[in-house]
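Two complexes are shown next, each including chain A; its partner changes from chain B in the first to chain C in the second.
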Partner chain A sequence: MRYIKLILLALIFFPFSLQADTAEGVGLKIAKASYENGRGFTDMVSDQLMILIDPKGKEVIREVSSKTLENLNPDDGDKSITFFKTPKDVEGTVMLSHTHISDDDDQWLYLPALGRVKRISSSNKSGAFMGSEVAFEDFSGTDYRKYDWKYLGEKIENDETFFILESFPNYKNSGYSKRISLTDSLDRTRKVDFYDRKGELLKILYLEDYELYKDKIWMANTMRVENVQNKNMTIFKWLNRELDTGIDKKDFEKSSLMRLAD
Partner chain B sequence: MNLEDRIENFGKILINHRIKVIFSTLIIIFTITFGMKFLETPSGYRGFVEDDFKYYQDVLDLEEKYGNIDVLTYVVKPDTGSIFQREVLNLIHELTEISWQTPYSSRVSSITNHQYTTVEGDDISISDFVEDIGMMSQAEIENLYSLAVTEDAVVNFAMSESGKVGLININLEMPDDINFKEPIDFAWKQKEHFEKKYNNVYVGVAGSAQFSQNFQSTSESDATKMYPSFLLLTIILTYILLRSVVASIISLTVILLSILPSLGAAGWLGFEVQPPLITAPIIILTISLTHAIHMLSIALTNMTEGMTKNEAIIESLKINFSPIFLTSFTTAVGIAGINFGDIPAYSEMANTVVIGAAIGFILSVTLLPSMFSLLPIKARKRKSYVINVLQKLGEVIYKFKERFIIIISIICITVFSLIPNLTFDDFFGTYFDRVPAWLEVKNVVDPEFGSSFYIFSDVQSNETDGITSPEYLKKLDEFESWLISQDEVSDVSTISDVVKTLHKNMNGGLDEYYKIPDDKALIAQYLLLYEFSVPYGMDLKNQMTADKSDSRMLIRSNNNTSMQAVAFKQRVDEWLNKNIAPYSTEGVAGIPIMMPHLFVENTRGLVIGLLITFSFIILVVGSALRSFRYGLISIVPNIIPFVLGFGILTLVTSMVTAAHQFAVLISIGLVVDATIHFLSKYKKALSINLSPQEAIQYCFRYVGYPIVVASVCLFSGFLFLTQSMFYYNFIVGGMCALIILIALLIDLLLLPPLLLIFGKKA
Partner chain C sequence: MQNQFFIAPVYVLLFSFIFFQNVKALDYKAYGFIQPEITSFLNGDGRHNQSNKNFSAFAKGTFVTYLNNNNTKITVNSIGRIDDNDDNRTYIDFQKLKYELFFNDITFRIGNELIFWGVNESFNIVDIINQSNLAENISGTKKLGQPMVSLSYFNDYGSFDFYLMPYFIERVFPGTKGRPRLAFEVDKNNVIFESSSKKNKVDVAIRYSTVVDDFDIGISYFHGNNRSPNLTFNNKSFKLNQFYPILSQTSLDLQSTKGAWLYKLEALLADNGGEKHFSIAGGTEYTIYAVKETSSDLGIVIEYTFDDRNDFAFNDEGVIALRWTRNDINSTSILAGVLSDLGGNSNRFFAEFEQRLNDDVKLFIDASISGNIDQNDFTYAFKEDSQITVKIAKYF
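And now, the complex of A and B:
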């Protein structure tokens, strides 16, 4: 009789053990769902505030606005234009980026004081930019295909259930050894822990103020990054975000940079 | 009841209750000893200064803005040729990659991951300076040097100008409780691994992190290497002097039980095990040893003259109680004078010795008599050549007293004339010159780079985004050129160098554009571009504040002496006062500024401390002898050892370092001991109506031997300290040994003639 019970138990748990074997598969599935959740916006315009806060609480605010064009080709990245507004000295500077999934991104910068467009190619942009705690790869690396995923289980926090995902960058020169993220039941990423190259927790990203656009796309309007090593904090805020505004695709070409700057 | 009767009663009580005395002493001793587990591991050079020391505060202010100043550096040098060889570059590349795994590392920079910009018209590409070494041809590798040597950010930072030595610099972001053990252990594993893998290349570990860790590692190696052999030496010395196994055991017990609770007390007081503290047990040991030898040798002599064991020890207690108390007291006062200095590690060492001296005294007059009474001891008649020699010496001195004075005076005056060659100065860079690995890496780094140490200067523009203004950058440039022209500086890098490089790269890479542009907006846009394309761990956060109002200059220091560095800081401040406006700065800060100022302030404190303790000791000696005349006479043999000691020092060096000053305060209280013994016996002899000549003979017979024995113990103890890996312990040991030796000679050769001529006529 005891043996029958054991066999029954084993049969009940068998499917679960199968699932455990494919933690990578489950992880990838959730990551993909989460990524696709934010797709389909066609294009997007917004103003952004970047607030840098040092350990003493001293704040510096930088303002930019940006336009993003969704790339309908699933094998290539989006295109974006960033207009710098403050500090005053960089007003009028425009940056155009064409992100790519597997190749290095293309980047052009128009410097009004120089009156020229410069093409910058750099294979390694894992550094924090503009004195913030955010690296370029944190933005350009949102595509789930840039990581190897692993599902670590579930977690309940404040009555909400989260999926815990571990991801390892599969591109060269990353500043991170891994990330651990929490995704909620609506497939929205809510929190990401970044581990530095030696495997120590470096910073924590919180995605907050999620807003539902076009009744189907969830986008976070606040990103808060806390560096646990140097105790600095950076807050990104998206203001006046609009989707599907019908921007001219030609704006996203190098030849349009100087025209856009004026 | 007079003092002698009291001591006798006290002795009888000890003997009647000897078991209780022994047990209660042991309980108290072990309770205090328990504190040893609270001894703190040393916090490196930071533990060498007071937390509120101004020049350390300057460093902390800098760190609050720009992150920790400490750097761990690998030094890579091929046995032959430059670092531009396939093997060497492979090594540097691999070591650079693995260095990201260093605990607490925040940045890693080397020649291989240097961000190299190539310009083709308006296309700018940024990549690692050395990539895919396997794919490069021999000619390409050799050509790298000519490219590298023109890169500002490489020369004197990632490689020496000659290209012979490469550095891998790892910035460490340490937690509040700074201890470099983990990163240094990691680095040493890499060093061993890579030296084995590439056996024609030297890999050394340097930087302020290694410097700091040296404090801990020399303490550990000193303790493990010196203590066992010194204990063995003590056992041998004790047996030779006492010729009795049981007496030796008593003496060793008293010594060990003086040392353990003093270290325990140091633990209870929260002291750090910095290298100076390592000397405390050895100093306590020698002091307690002299007490024990005095007590035991007189008791044993008494027994050979027919006294019972208990009578013999009570008699010895009567004779020795006051001198042992007095000598312990003067020793403690002298060493306590170190507290007038500014180096906590030395104050902690001094206070530990003071506690040890106190415990040593108490045990010598309580535990020692009780044990002597309890244990079976047989005294053997000793033939003493030393006593015969001393008696002969006494006769010779009486005969030629004037000549002794004249000859010694001539020697003193000659040697004294050398003293003006000495200056107060030191070299914090030599602290660990006795550590072979450190000396080795220093000998590679210093000739090529000046030194391993950096100075920093935080220059404030006083407005948000002010550092992008051309005026500000030109001012930095001006400051930089002035600094470079100073002998104390080997290299300077500033944010203006970054801007100049950017300006050049934005203008087709033409050298004529290597200058600061006149347009503030352009500079701001350059920096924006730069900040968008930097790799992990190479941002400008350790060079400028987030609001771009202030920037930090990096100045590589040469190996300067303290006085040079202090004068340099003064010149910098003068230049800044005159030229830095409208901007502001707190001047320069860093280890090469902090340590020299510590030396100067410490010296100032010690000189005052020395004057106070010396006068106090003279007063104590005078009042103990109850005689102004003898008090005055005692000054001569107590000053001359120092005059001669420092005169002889001029033959070796011209620098009176902090260690030499500490040596004076440590030995002053010990030097007077012999004088006290000699003078008190001389007075006693006169009081029993002996003639001056007979009194001198009496002194040589009764205190000559103990004085010689005590001096030999102290001399061997201090000489032993010269085994230490810490340079200052070596100096303290050598200097104290020299002074003790001279003091012995002066006490035997000069003091008697002085007494004969200037003492009271019978």
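And now, the complex of A and C:
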């Protein structure tokens, strides 16, 4: 009888274990683990430095600072406020964004010249952030549920073993047909190849300077993007990053933009 | 401008007092720009025999500091201009000069403030708090700071704003040498108010605004001196007299954001010096992102406005414009379009180009070209004022 029970149990769970063992299931599992690696921060305050480098090596620097509020509801996205500092003509501009997992994000922009808050479209997923090689969707699309995943196998590079994952955006207006990413044994994404809509390799993202916060949260402090088509490079650095600072969640509402203005 | 000069010392005293109470290490930011401009008029000396070019310099400075654990904020935002030809265009204004106190869900403000209501790109009919400076720009989009005491309260249902405005700022019109200008000079010394308190009438306003999914909604009420005076010809002085009626206005502004489509609507019911009127304006904006796999965006804006006053300048007008944004390192963009009087036969073309030249220098080129203008259209006075302005802003 015990054996029959075991067989029955095995039969019941068999379909699930089978699913988990498919390339899709394994891919999703690793992607989820990698995503959850960076969760639990409650809120985050940081300054960001962006270095835009053209093929001739000419550098331009852009600075913003931001606040992010983690959404404790797992079915909805985070909220963030971005304060633009340089180039100086955009100083005083503030952007508020409410991200969503399956819906378009909500975005508002405070424009200091007019003292005006404008709701803007968030459809330009593939648009360049401040003329860099980083697209808006590279910030808003970090949730693993925005992609369909596939595990492609393992790879050893510089004595390190990586999982290779293929992902396909499942939201509208993406500039990418697919991404191939390398995740290390600590479930940290280290490198992502982005393919454009035509299926050609567009850019390579390297996630570097990982730091362990609060003994449990891994965050990359440098993002390096090499566009292989136009040969531009963007280095994106997080400076003075602090987690769980106790920001008032009311700051992340449209009505607070005027408080935070200028 | 004269009013502001009168009021400024009072503010300076008030703010110095506040500062000296909080003289610990001051964490602040200060930034701004100066912008020399040159305008060339394409129709020679024009209708009013004026100079066919103009030199001008505009400047703006912003100072912001937070005190008392970020519960207090001081904002100073001043603009000013020196103009070669028009004395009315030479001014200093404190668009913002305010002291703010933040409580949990209440913000209290005192001082000059710049408040924008509305959603439209062109026809901002519900925007009423701040006075327009028509010498700065004849379209009325350039505003002067409004002295006020205000309170904002917000909760999960939205935001409630209350404004008390104890001092009225008169509209600034171009002077006789200003170009474009009206057919006759607006007389600064012949100003009449419906209100017996004149400039000291305490204007009041209330606004409720909220966000429901894709909708941004605002409902507002204003009671006070109308920002827009009725102008009447004085056949003794050959100038235009100004009469500011008392305005009561209830308005709605609404935007729906559906992906790349924005739908906008503004509507108002008003009693202006005892005469009732209704006005509505709205339209749509659609943007094609990453045009032909490039980084460029191309947007189209179509807006229309209607007002049931037949003698009102904007009672049946439409605008159609294209906005091209290159999304490059230099933030290159062009906005170009046409404004048409649909009831008549007048139209005006406009174009605005901008591009950053380096990290702290930006180039702007604005053009405004008269098309066909009816003789009875109010813009007939500046029919021959087609112009191109080149501005170079240096940021600090």
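Here is the rule we use: the second predicted complex is superposed on the first by the 238 of 262 C-alpha atoms of A that agree within 3 Å, B and C clash if a C-alpha of one lies under 4 Å from a C-alpha of the other, contacts with A are read in each partner's own complex, and residues count from 1 in each chain.
Basically, a residue touches a chain if its C-beta (ideal position, glycine included) is under 8 Å from a C-beta of that chain, and two chains touch if they have at least 3 such contacts.
Predicted, not measured: the structure shown is a model, and the values here were computed from it.
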| item | value |
| --- | --- |
| Side-by-side fit of chain B and chain C on chain A, or clash | clash |
| Partner chain in contact with A:Gln229 - chain B first, chain C second, else both or neither | first |
| Partner chain in contact with A:Leu109 - chain B first, chain C second, else both or neither | first |
| Touched partner set for A:Phe84, first chain B, second chain C, both or neither | first |
| Which of chain B and chain C A:Gly175 touches, first, second, both or neither | both |
| First (chain B), second (chain C), both or neither touched by A:Thr93 | first |
| First, second, both or neither for A:Ser121, with chain B first and chain C second | both |
| Superposed model, chain B segment overlapping chain C, candidates 38-46, 308-316 or 506-514 | 506-514 |
| Common interface residues of chain A - those touching chain B in one complex and chain C in the other | 52, 54, 60, 87-89, 112, 114, 116-121, 123-128, 131, 173, 175, 196-198 |
| Residues of chain A defined as touching chain B within the complex | 52, 54-56, 58, 60, 84, 87-90, 93, 95, 107, 109, 111-114, 116-132, 135-136, 173-175, 196-199, 229-230, 232 |
| Contacting residues of chain B [partner chain A, same complex] | 64, 67, 100-103, 105-106, 115, 122-128, 173, 464-465, 468, 506, 519-526, 528-529, 531-541, 544-548 |
| Sites on chain C touched by chain A in the complex | 31, 33, 62, 64, 73, 75, 77, 95-96, 100, 102, 104-105, 107, 114-116, 119, 141, 143, 152, 154, 158-159, 209, 211, 216, 255, 257, 259-262, 287, 289-290, 293, 295, 297, 327-331, 356, 359-360, 362, 393, 395-396 |
| Contacting residues of chain A [partner chain C, same complex] | 52, 54, 60-61, 86-89, 91-92, 104, 106, 112, 114-121, 123-128, 131, 172-173, 175, 196-198, 250, 253-256, 258-259, 261-262 |
